[in-house]
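One structure coming up, written as structure tokens, with questions to follow.
So that you can tell them apart, the chains are marked A, B, C, D, E and F in the order they are listed, and the count of residues begins at 1 in each.
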Amino acid sequence: MNEATREKLTNVSVATLATALYKRGLRHQVIQGVHPIGWKGKNMVGPAFTLRYMPAREDRNQLTEFRNPQHPQRVAIETCPEGHVLVMDSRKQADAASAGDILIRRLMKRGGAGVVTDGGFRDAAVIADLEIPAYHTRPSSPTNLTNNEAIAINEPIGCGDAPVFPGDVIVGDADCVIVIPAEIADEVADEAVEMTVYEDFVVEQVMNEGQAIIGLYPCTKDENREKFEAWRKAQGR
Amino acid sequence: MNEATREKLTNVSVATLATALYKRGLRHQVIQGVHPIGWKGKNMVGPAFTLRYMPAREDRNQLTEFRNPQHPQRVAIETCPEGHVLVMDSRKQADAASAGDILIRRLMKRGGAGVVTDGGFRDAAVIADLEIPAYHTRPSSPTNLTNNEAIAINEPIGCGDAPVFPGDVIVGDADCVIVIPAEIADEVADEAVEMTVYEDFVVEQVMNEGQAIIGLYPCTKDENREKFEAWRKAQGR
Amino acid sequence: MNEATREKLTNVSVATLATALYKRGLRHQVIQGVHPIGWKGKNMVGPAFTLRYMPAREDRNQLTEFRNPQHPQRVAIETCPEGHVLVMDSRKQADAASAGDILIRRLMKRGGAGVVTDGGFRDAAVIADLEIPAYHTRPSSPTNLTNNEAIAINEPIGCGDAPVFPGDVIVGDADCVIVIPAEIADEVADEAVEMTVYEDFVVEQVMNEGQAIIGLYPCTKDENREKFEAWRKAQGR
Amino acid sequence: MNEATREKLTNVSVATLATALYKRGLRHQVIQGVHPIGWKGKNMVGPAFTLRYMPAREDRNQLTEFRNPQHPQRVAIETCPEGHVLVMDSRKQADAASAGDILIRRLMKRGGAGVVTDGGFRDAAVIADLEIPAYHTRPSSPTNLTNNEAIAINEPIGCGDAPVFPGDVIVGDADCVIVIPAEIADEVADEAVEMTVYEDFVVEQVMNEGQAIIGLYPCTKDENREKFEAWRKAQGR
Amino acid sequence: MNEATREKLTNVSVATLATALYKRGLRHQVIQGVHPIGWKGKNMVGPAFTLRYMPAREDRNQLTEFRNPQHPQRVAIETCPEGHVLVMDSRKQADAASAGDILIRRLMKRGGAGVVTDGGFRDAAVIADLEIPAYHTRPSSPTNLTNNEAIAINEPIGCGDAPVFPGDVIVGDADCVIVIPAEIADEVADEAVEMTVYEDFVVEQVMNEGQAIIGLYPCTKDENREKFEAWRKAQGR
Amino acid sequence: MNEATREKLTNVSVATLATALYKRGLRHQVIQGVHPIGWKGKNMVGPAFTLRYMPAREDRNQLTEFRNPQHPQRVAIETCPEGHVLVMDSRKQADAASAGDILIRRLMKRGGAGVVTDGGFRDAAVIADLEIPAYHTRPSSPTNLTNNEAIAINEPIGCGDAPVFPGDVIVGDADCVIVIPAEIADEVADEAVEMTVYEDFVVEQVMNEGQAIIGLYPCTKDENREKFEAWRKAQGR
């Protein structure tokens, strides 16, 4: 992905991005129900590389399956491109793990930009301390074989009821994770940066000037627009 | 599939099949939460042909999408092989329809053996009167575009939390639908037929002879085994 | 409401209406999770008259409350205008009743066009035999006082996650109930009648002519359009 | 139980009983989420005999367990006293069966008054035709061993979030099932019969006299009380 | 509200208040499912000022709606009286935000005593650092327009299944939020203070004296009552 | 329990234990949905002592019930053996408390090894600071009488959908809680210690040597086995 876009997306909130997508008629791009494991203070940004789980059939999901060098979960970890976010469709099933700290360590060492599941991770307390962003619904210790079989890599999937196509740009902040369609990532990043400048101005007005929000947020008064332009210039943004 | 197997599976219950699979360590093969629309008095039997839905992204799911001759939902209906059951992974989402009566009529005319979704069908009251078995969770009138995009045909999928591989044998009765792995369908059919003979004997004993179930179901007494053998011979089964 | 519109809406399906609203960007107008109690073979149609429930506080919801002639549940029944559908926001709570057969009998006698709750009715088996359409989620015997207090009449409400404004046109068929914004009810009715003619043609083509759906539904081929026009003329529709 | 009470409870509705219990401060006695399998036109009435399930541990729940003559599920069927209702605490888990038609046939032959589970039964379509009332949440074909172990007989349990003590009187009608504490069953039955007489009068007034419900239901006007007394005398009730 | 009452309620736990209301027959006054965002170490206390959301209809909930100076969400923020807690009925819908940090900053500057939603807030990580108590179910970045329309101010509402009337006293601690009916707030506050003194004594007895809880909590032994009186005097409480 | 086993279980993760049980065919031993209240940095380990709740009937659950010296909740606290973990089957109901800080303090003083409920605790913020491990689903202030009645001590129960027999060994870490059948606790502890040594080696290889996981985790290459043996010797483990 465009590195300038990556940089921009590192400095805006998922809320702002959600509003920018809403303007474009995209209303369900936030991955519902996930949160960061040990928020690391910086947005997760990267194109999606996907793994799809299906319900596990017991005969196909004995522990020995992990000895198979083609096991899709393991292969996904070893083939996720650098700078990408591994997004797992775990069928919103958190009663067993989508992965654990060892796989996520490996993903980190390979340069992964982050990992998201709509299930849960085992070893979550360990993952919280790793230098890679990870999002899930809750800690879950049982092996993924218990109820999920990793079946396909880099297909279009659902994650937390959001549609995820390989290459879509994934952004996670302290609150949520959002999926930006690849083809509009650059323009959305630009717009979000603009929106953020205005929001910073609004915060300043509300906190320091005691301004009311009506007429200010959104801006419907000329005088606020003028104030903003002056403030922006003063801020050099 | 083997026609003798198809015939056998037409005459056993999903409960009996579930027990036969349970013996083999397969405990989650029943598609949870679905029921027949207008039970037609005869089991649905056929190999699975699958359709996978993912969450809908609004820009890709305008009504005009149905004009696309490659739309996977329409293509699935037109390519499902005769005698097969079309199984849809609708992500257990019944707030919008997986299909409606027109598509199901067409599937019927093409020789489909049945249709299952873990979502809901629109025009369910009409489907109830068609000569094709259909199973869903509840009637649902909104078009599938509302929250699902048909994305892939004949992949391994989940349906009602059961794993479904293309070619697995699907059997539905008045209660439930079950997925029999293709490679064991013949032996499971044989075993289920055997089990059914014994169950019929048990019903006869309980209803007409006033027998207790302990020692009879399952059979743990020699005298019951002997009675059964005599009864079976008399029945010519 | 316009009587011609009422008549038209009596003869189209909620599925068709849902698609007509979808074209207009309205995707969540179906009241989720309700079904008819004893389908009476004819659509329910009428403008919405609403009742809002809130969680019950025990001291305000003793049985003696029903002695109050101003009790909003009772008042709603006695003031719902003739030809209107009483729509209840029961907070999707079906553990206690929204109403029972006596109130619904009275509503029927007063000329109510139907009743919908996103909770459940008590005496549902009796209601099934009354000559008034009624929709709910499941039978529920406890008195509404148990967990709901009727608090307001004819406010905008939610019902089954659909928005309902007083006067919106409510249509229920054998499958579902939909809410048509009052201001577009006439045009939507017209469009749905038109769509229904074409759908009838499609059914005829699929069932009797063995036509494939691609190119036919929706119509993307000139030859199908011509066939339709001929068929329509022949049908006199 | 008192046979006069049994007779009275056969002719009143669960809704009326729920209101009678509500007056006594008992608000959660309806077993939530269950419905009759093939409503047989007559109330189920009898004292509770209970079976408690707990989550299944795989090593304790192989099919061979049913060979154990002490298996609590089988023992419950063979020891439930005549005229009693077998109530199963299946932990509201309907993904596997609480029992099937063979056990329920046996219970029927032994004189059981009915059976209730807050899970599901297998062979539900068969059970629908048996001459014993049965209530569940939905058909479920997998054997109960899949997720439940029958662990204890005739303990106090929960069923559908209602408290059930052995001996409590269970009443089921076409809508719901209610649990009447044993010690107040007689007085509640009497009161419900009285309430039913008045409700019948109200129905007559609403349907034939066009009366409004305010002042009538509940009765807050002397004139209605007088009318009722006259009507009652005329009816000989 | 009475300032002495406010002070008392600042120093008791919601658990103690829940028990005081339970004694009065009020069992469902805790707002279920919410927790503090960044617990600030001090109870939230204030009379309720309410905002009601209903399901969003797309045509009424475009981003431009926020330009309307009468938008109820914005108006609620600008009219919530000083010292009051803004309580939002978001229909327990957390897939989109009830509000974000800018509105909550404004509420804080206007002297709001706190804010509660049974949905989620966007910018939750920012809100965690503001000097105003805020309670929600989980962070949620999408704009509220996505699934909710702010429709009415200061009506009786439900929040997390608890009834909330304008003016009821809202108290939130590190665990939960409770709704005290306005008319009993003073007496409940007094009683809770009394109960807290005794609970503190119990803690002291359990931790330092190794006392058993039976006979102590609640107090059923004279000797414990005497010990308590002595301790209380010594503590000067 | 065996003190060596206790020590071993203190130093392995629930994830590792879950895998060791999975090998033995036990797939559902993790208590779903619970997390530690204020993780104290050290595993909770001890045999289970159980308390079973059933739905509360209002007349049996007035506040005065706690004055009964035989109240099972209080008795459980006072009789739980030293070193044991008190496990509560709260029916996964967290709308009211399973217990509060006073009871848990007493359990701690009596030498309890920990406490688990599949409901919620009141005073959770206080419990977080106590020197006893406690696990629940969420804070919940209402008294347990609101919806649960403590009914039986040390029966087999379910907790978070896991089967718990008295004496089973309970282990909780920062993520989850698992139930090890008493009869295999020693061998599972041994195996988990072994597995942990290998996992530590894997972490070292992944983090410091940049090894891929395929062939390493699980070990399917001789060279990795040799490396491990050498590393293990060097580590003196």
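To be clear about the criterion, a contact is a pair of C-beta atoms (placed from the backbone, for glycine too) under 8 Å apart; a residue touches a chain by one contact, two chains touch by 3 or more.
Please read all numbers here as calculations on a predicted model, not as lab measurements.
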In terms of CA centroids, furthest away from chain B sits chain E
Whole-angstrom distance, CA centroid of chain E to CA centroid of chain F, is 31
Averaging C-alpha coordinates per chain, one finds the centres of chain B and chain F separated by a number of Å equal to 39
Within chain A, the set of residues that touch 2 or more other chains is 27-28
In contact, pair by pair, are chains A-B, A-E, A-F, B-C, B-D, C-D, C-E, D-F, E-F
Chain B residues touching chain A in their complex are 24-29, 54-60, 91, 147, 149, 151-152, 155-158, 161-163, 181
Per the touch rule above, chain D residues touching chain B in the complex are 63, 66-67, 69, 74-75, 77-78, 95, 97, 100-103, 105-106, 109, 122-125, 138-143, 145-146
Chain C partner, complex, touching residues on chain D are 13-15, 17-19, 22-23, 27-28, 30, 32-33, 35, 39, 173-176, 178, 199, 202-203, 206-207, 210, 212-215, 217-218, 220
